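Should a chain be cited, it is by its letter among A, B, C, D, E and F, assigned in written order, with residues numbered from 1 in that chain.
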Amino acid sequence: MAQSERESYSDFRHFIISSPSEYVAHVEINRPSKLNAFTPDMWVEIGRIFAKLSRDPGVRAIILSAVGDRAFTAGLDVQAVDQQGLLGNRDQQSDAARQATKLRRQISEFQDCINQIEKCEKPVICVMNGVSIGLAIDIACCADVRICSRDTRFSVKEVDIGMAADIGTLARLPKIVSSFSWVKDVCLTARGFGAEEALAVGFVSQVLETKAKAIEAASMLASFIASKSPVAVQGTKELLNHARDNTVADSEYTKHTLKG
Amino acid sequence: MAQSERESYSDFRHFIISSPSEYVAHVEINRPSKLNAFTPDMWVEIGRIFAKLSRDPGVRAIILSAVGDRAFTAGLDVQAVDQQGLLGNRDQQSDAARQATKLRRQISEFQDCINQIEKCEKPVICVMNGVSIGLAIDIACCADVRICSRDTRFSVKEVDIGMAADIGTLARLPKIVSSFSWVKDVCLTARGFGAEEALAVGFVSQVLETKAKAIEAASMLASFIASKSPVAVQGTKELLNHARDNTVADSEYTKHTLKG
Amino acid sequence: MAQSERESYSDFRHFIISSPSEYVAHVEINRPSKLNAFTPDMWVEIGRIFAKLSRDPGVRAIILSAVGDRAFTAGLDVQAVDQQGLLGNRDQQSDAARQATKLRRQISEFQDCINQIEKCEKPVICVMNGVSIGLAIDIACCADVRICSRDTRFSVKEVDIGMAADIGTLARLPKIVSSFSWVKDVCLTARGFGAEEALAVGFVSQVLETKAKAIEAASMLASFIASKSPVAVQGTKELLNHARDNTVADSEYTKHTLKG
Amino acid sequence: MAQSERESYSDFRHFIISSPSEYVAHVEINRPSKLNAFTPDMWVEIGRIFAKLSRDPGVRAIILSAVGDRAFTAGLDVQAVDQQGLLGNRDQQSDAARQATKLRRQISEFQDCINQIEKCEKPVICVMNGVSIGLAIDIACCADVRICSRDTRFSVKEVDIGMAADIGTLARLPKIVSSFSWVKDVCLTARGFGAEEALAVGFVSQVLETKAKAIEAASMLASFIASKSPVAVQGTKELLNHARDNTVADSEYTKHTLKG
Amino acid sequence: MAQSERESYSDFRHFIISSPSEYVAHVEINRPSKLNAFTPDMWVEIGRIFAKLSRDPGVRAIILSAVGDRAFTAGLDVQAVDQQGLLGNRDQQSDAARQATKLRRQISEFQDCINQIEKCEKPVICVMNGVSIGLAIDIACCADVRICSRDTRFSVKEVDIGMAADIGTLARLPKIVSSFSWVKDVCLTARGFGAEEALAVGFVSQVLETKAKAIEAASMLASFIASKSPVAVQGTKELLNHARDNTVADSEYTKHTLKG
Amino acid sequence: MAQSERESYSDFRHFIISSPSEYVAHVEINRPSKLNAFTPDMWVEIGRIFAKLSRDPGVRAIILSAVGDRAFTAGLDVQAVDQQGLLGNRDQQSDAARQATKLRRQISEFQDCINQIEKCEKPVICVMNGVSIGLAIDIACCADVRICSRDTRFSVKEVDIGMAADIGTLARLPKIVSSFSWVKDVCLTARGFGAEEALAVGFVSQVLETKAKAIEAASMLASFIASKSPVAVQGTKELLNHARDNTVADSEYTKHTLKG
């Protein structure tokens, strides 16, 4: 941990990290030639980036988007995952029980990386466009506010890709949108859905005409949040996430202790 | 249990069970002359049917609807319930404490029957039309996807029928639709509401012009789900139901163990 | 407690309590000259009022609104809070740990007062109009049904006012409206929003043209609820609140025991 | 609440409250002629006493014992309870549902009074002697440390007195002693047990030869605790009670927030 | 269910069911030639027996022991389990995912059978002697009171037999005995332990010289419990089991509703 | 993480790591000149060591003890903590809210390090001797089996050292020993207690005459555990820890999924 502090934002190879305005960081997934598909290196990096932003006193709000007009991300880069023998791509020598143990460890580590976005103390505004499927939904579910452009094409890919790939969508989606019937529909079919449908069910809270306009809306929102008391903003993020998972009584108990 | 396996689908007296396409089962409530109102025999049967479908390797998706154009179901057949001395219809001899114990057992067994729809390992698509009140809502809340025709007339009847009749609606409705203010409104008043209102709050995820079209939409959805990997589909149903009731951390823990 | 029973409804100084129809009580916040802003006396009074209504056999449904056309409430009266040295307004003599202990006690007592609205055994219909910010949201979240007039202007003020002021909104909002992205947006920015937006996300379940019409709609709803079996209505309120915070299995267990 | 502060410790009629040493309060149940049996007035008083001690900056540790050598308490004074028509003693006019509602309110208020002992921010050392049955166990379970003299005779009276009388023992005993087999044994039979058995299973942590020696031991313990940092002592009590009821992860989360 | 009611106690093939005194049932595992090892038929039978006893108004307390002086039970009859292709004994044709699904169903059904002992509304006193290993501990953990003779030899066999065999011990043991260090010791090593050690940690609450004396002690205890109000006794069992798994606040809430 | 894999066991500066027998690792705290008091470097190291052992396929059981005859550990090295400005040692420049945020992060990171002992997939046997106070108890509570020599002197130091130092004892102790009265006694007073008392309440499960004999007993236990199926042993550790914190129903659900 001490070590990652010494890492500079420019050391990350698959993400561009900039500061468009005071106290605002902008993280861009940068592999547009592959529709921003994620390799194992990338999920480790994104975890480290958000852990670092979480502790950075110069950052109070974060925008997460992707380079290019075609995709936020097309999900896992299956070829890269295969080459590294990850996520259930079984090697021949070891027995089933060891394989299962190894797989559980890998998924747990993968989840830990993506969960850094939710654990990040600063609010994260996720801007999606174009192809936004599979891991795109896992990542967006960890963000605080979701915005997209009109051309965004979403899909929850768990039933297609196979189960080992689920990294948070199934755990979070029933808690962050309105209709459980709709959640079951899109998760059991892996069918695509567009920006308007995402807005109607509350998955995103704004749809803009173009990606550029969506980035602009996110920037204004981020700057506005960054102008507030950072202690109040970060406490609010933490309490709302706590409330999602706990009873009202537990949240009220924790709340007044958090603020002591 | 071994025994119910020996039961044939054609043995059930109050339900028609067919297979409209490969791996799809269609269960129809078949008492149209009484608006498909449920007798005690019927709730025992529906529990056994869904337990059997859950274990049937030839079934991967299920449609649940009712015979006739007038009603999905008008709820409990109060006359039949009375005749059998069930659900709080007190006999004269026994004291209050014993009555209460007996009532609790009956309600628990009634809930167990209806809960088989939710526990069924295969996705259940519920198609409602016409009169869909009382027990209709309890049943629909246990299904995974809810679809209805434009003429459907819903009502949560708990406050009218009296409390002993609640079999799951009050426990599930706050978790499967969007607005708690709306949930309180329809549950505290027992007022009717229609298809459009049900769609707006997310209780159903599709409204079709006619019952026939709704069945058609459900059939396409069921066939599409049945074409996916059954292990992935069934795991997804289980995880989403688990997520509805648990913290994100618990769901992620369970999730990667489920998939080991 | 025995004592508050001896208190008459006309003893309360900051609220008007009337009975517009049989079994219906109407509570009006009565400090229109200050936009109905709350002093510490007022939050103690509102707690006592709802505790009393909860036990009053002559009351079966409650309307909560405010006097005047300008505001439901503008939230805490900061000046009054300051004068009494409450909620984090530190006195000079005592050390940090004692200050923190004192603050936690005050917030806990403040929460207890507002929570009486949720704990009240009778349904509460909250009618908002005009300025409805800060504590207005905390109070509305404790009510069962939320209705507003078209001119209502809402804002979740936690990040602006500072954290010690949160009295329930952050704990409840994620559980009573549809879109977590929207919840984060309005809570992290403290931005205003209007009646239509509140309806779209399910925060209110009806928007009426004027405050008078909203009161009229609430009165009809209250009278309708008051015409039902009070045992069934109160049991339904309790079970729905329990369901919001608990698993389906726990709610079903409790439910059939509640009805024994 | 402001009001109870104005109440003096000498205003309580059924309890003697003294201060044997600096920062230590001693509360004695004072109805020895009736084996310290509790009337409804007494349980309201004990609730107010511990609420007052909780807020009294001059108190850091509390001893709870009873006047006389024959009993800590023989439990409820059934005659007094009957006369006031409390706890299930049905009046003739009202119907069963109303009776049940009334009974639930009464038990809830009775529990709230006794729970003030557990909620009290300062540690409570309970010293038992002689007859210590029924409500004695409910009260002792709410205390932090339990000490008794060799002549103490315990009994969990729920199955004998009838269920409405349970005020916390069944909820707490499985969490505060070692052997669930023993808990079931004493709770299902209402059989008596003595000081040595109470020590062996961990219900008490010290047995002294006489009541006087037990009071002396409690006094030394209370003075020792009162010599520690009150913030640390009160935080420790709160965290241990929280830990009893929550997962380790939740307790660790709450713990470091509590101390912020 | 209706059906099992028609089953007579004498229909069960592997258990002797008698009534040694009024309102007391005695269930004896009856396969002494095989050290009372359990076949799949036997675990289905024991589930049906306790479901039947739970509903039998003539039964208020139950003794569970085994025929013969050598063993309570030596656990699963591995040979019988193998022959039926149960619990992970893989058939060749089906793929890994289907095998896993089948195994999960079997374990779940096996757990459901054994859990009937805990779910049984009447208290169950388990008397162990001689070899009491593996499934013996699972069964005993579901009982309410555990008694044994001095010659009893216990062992938690999970780590030896393999994991698929665990049917409740690991879930319950940490909650019903005193020392987590001891629980880990006996569960991680599968080492044997005797009656005195079982008493010291609270796993049993009585050790008698001989099996005959242990049965005698259990009979007295059962008769004594059977002489109490059955509603109070059954409510107490239910509340204590609920308390083991829930917070004090939830148990108190449920408690007073249970008694309404 | 990939990185820590490259770390060799001999790279750790404050701990000796050896392998006394096949599949057994022995970790020794190595700062005997300072009674093995912990510096911040040491708690980071112990976290990394147990994370590494958790993944090391050559390790199946772990012994944790300390070098020297005087102490397991005397807790935090307060001087070292002060010099690094950690755990509440406030620097002058920053305001109270930032200080609180910083402190919470530090405690959370400190907890994460010590929690690696509990999260380690392999069983950990903790052998204590001599001075074993403060952090010694936090560490021992994370181990699976606790053994000590007769000369061990324990103390829970939270109320003396101040609250920021609690790193797990208060969250775990109520769940791993028998008597809540005893837990409150030792935690509220910080009084010392010896080996026999620790054994009587179940904190340790064995007391040996000397440290050498305790290490010998731990070695035999570790070798015995290491001879079992590692998958079964590690699954058992995980399930028992899960059971400590969850309901029986959740543990059974997870259990059979874990084993799929």
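The rule is short, and it goes like this: contacts are C-beta pairs under 8 Å (C-beta built on N, C-alpha and C of every residue); 3 or more make two chains touch, one makes a residue touch a chain.
Note that the structure is a prediction, hence the values are computed from the model and not measured.
S.K.: How many steps does it take, at the fewest, to get from subunit A to subunit F if each step moves to a chain that touches the one before?
M.R.: So the least number of steps between the two chains is 1.
S.K.: For the copies subunit B and subunit C, give the interface type as same if over half of its residue numbers appear on both sides, and as different if under half do.
M.R.: different
S.K.: Select the interface copy of A-F from among C-D, B-C or D-E: the correct pair shares over half of its contact pairs, counted by residue number.
M.R.: Matching pair: C-D.
S.K.: Determine the centre-to-centre distance between subunit B and subunit E, using the mean Cα coordinates as centres, and give it in whole Å.
M.R.: That gives a centre separation of 34 Å.
S.K.: Where the CA atoms of subunit C average out and where those of subunit F average out, how many Å apart are those spots?
M.R.: It comes to 46 Å between the two C-alpha centres.
S.K.: Approximately how many whole Å separate the CA-defined centres of subunit E and subunit F?
M.R.: It comes to 34 Å between the two C-alpha centres.
S.K.: Give the residues of subunit F touching no fewer than two other chains, as numbers and ranges.
M.R.: Only 101, 175, 178-179, 201-202, 231, 244, 249, 257-258, 260 qualify.
S.K.: Give the list of subunit D residues in touch with subunit E in this complex.
M.R.: Residue positions touching the partner: 100-101, 103-104, 107-108, 111, 115, 158-160, 162-164, 166, 168, 170-175, 178-185, 187-191, 201-202, 244-246.
S.K.: Provide the residue numbers of subunit F that touch subunit A in the complex, in ascending order.
M.R.: Residues 1-2, 44, 55, 97-98, 101, 105, 109, 121, 231, 234.
S.K.: Along subunit F, where are the residues that touch subunit E in the complex?
M.R.: Touching subunit E: residues 123, 144-146, 175-179, 201-205, 221, 224-225, 228-229, 231-233, 235-237, 239-240, 243-244, 247-249, 251-252, 255-260 of subunit F.
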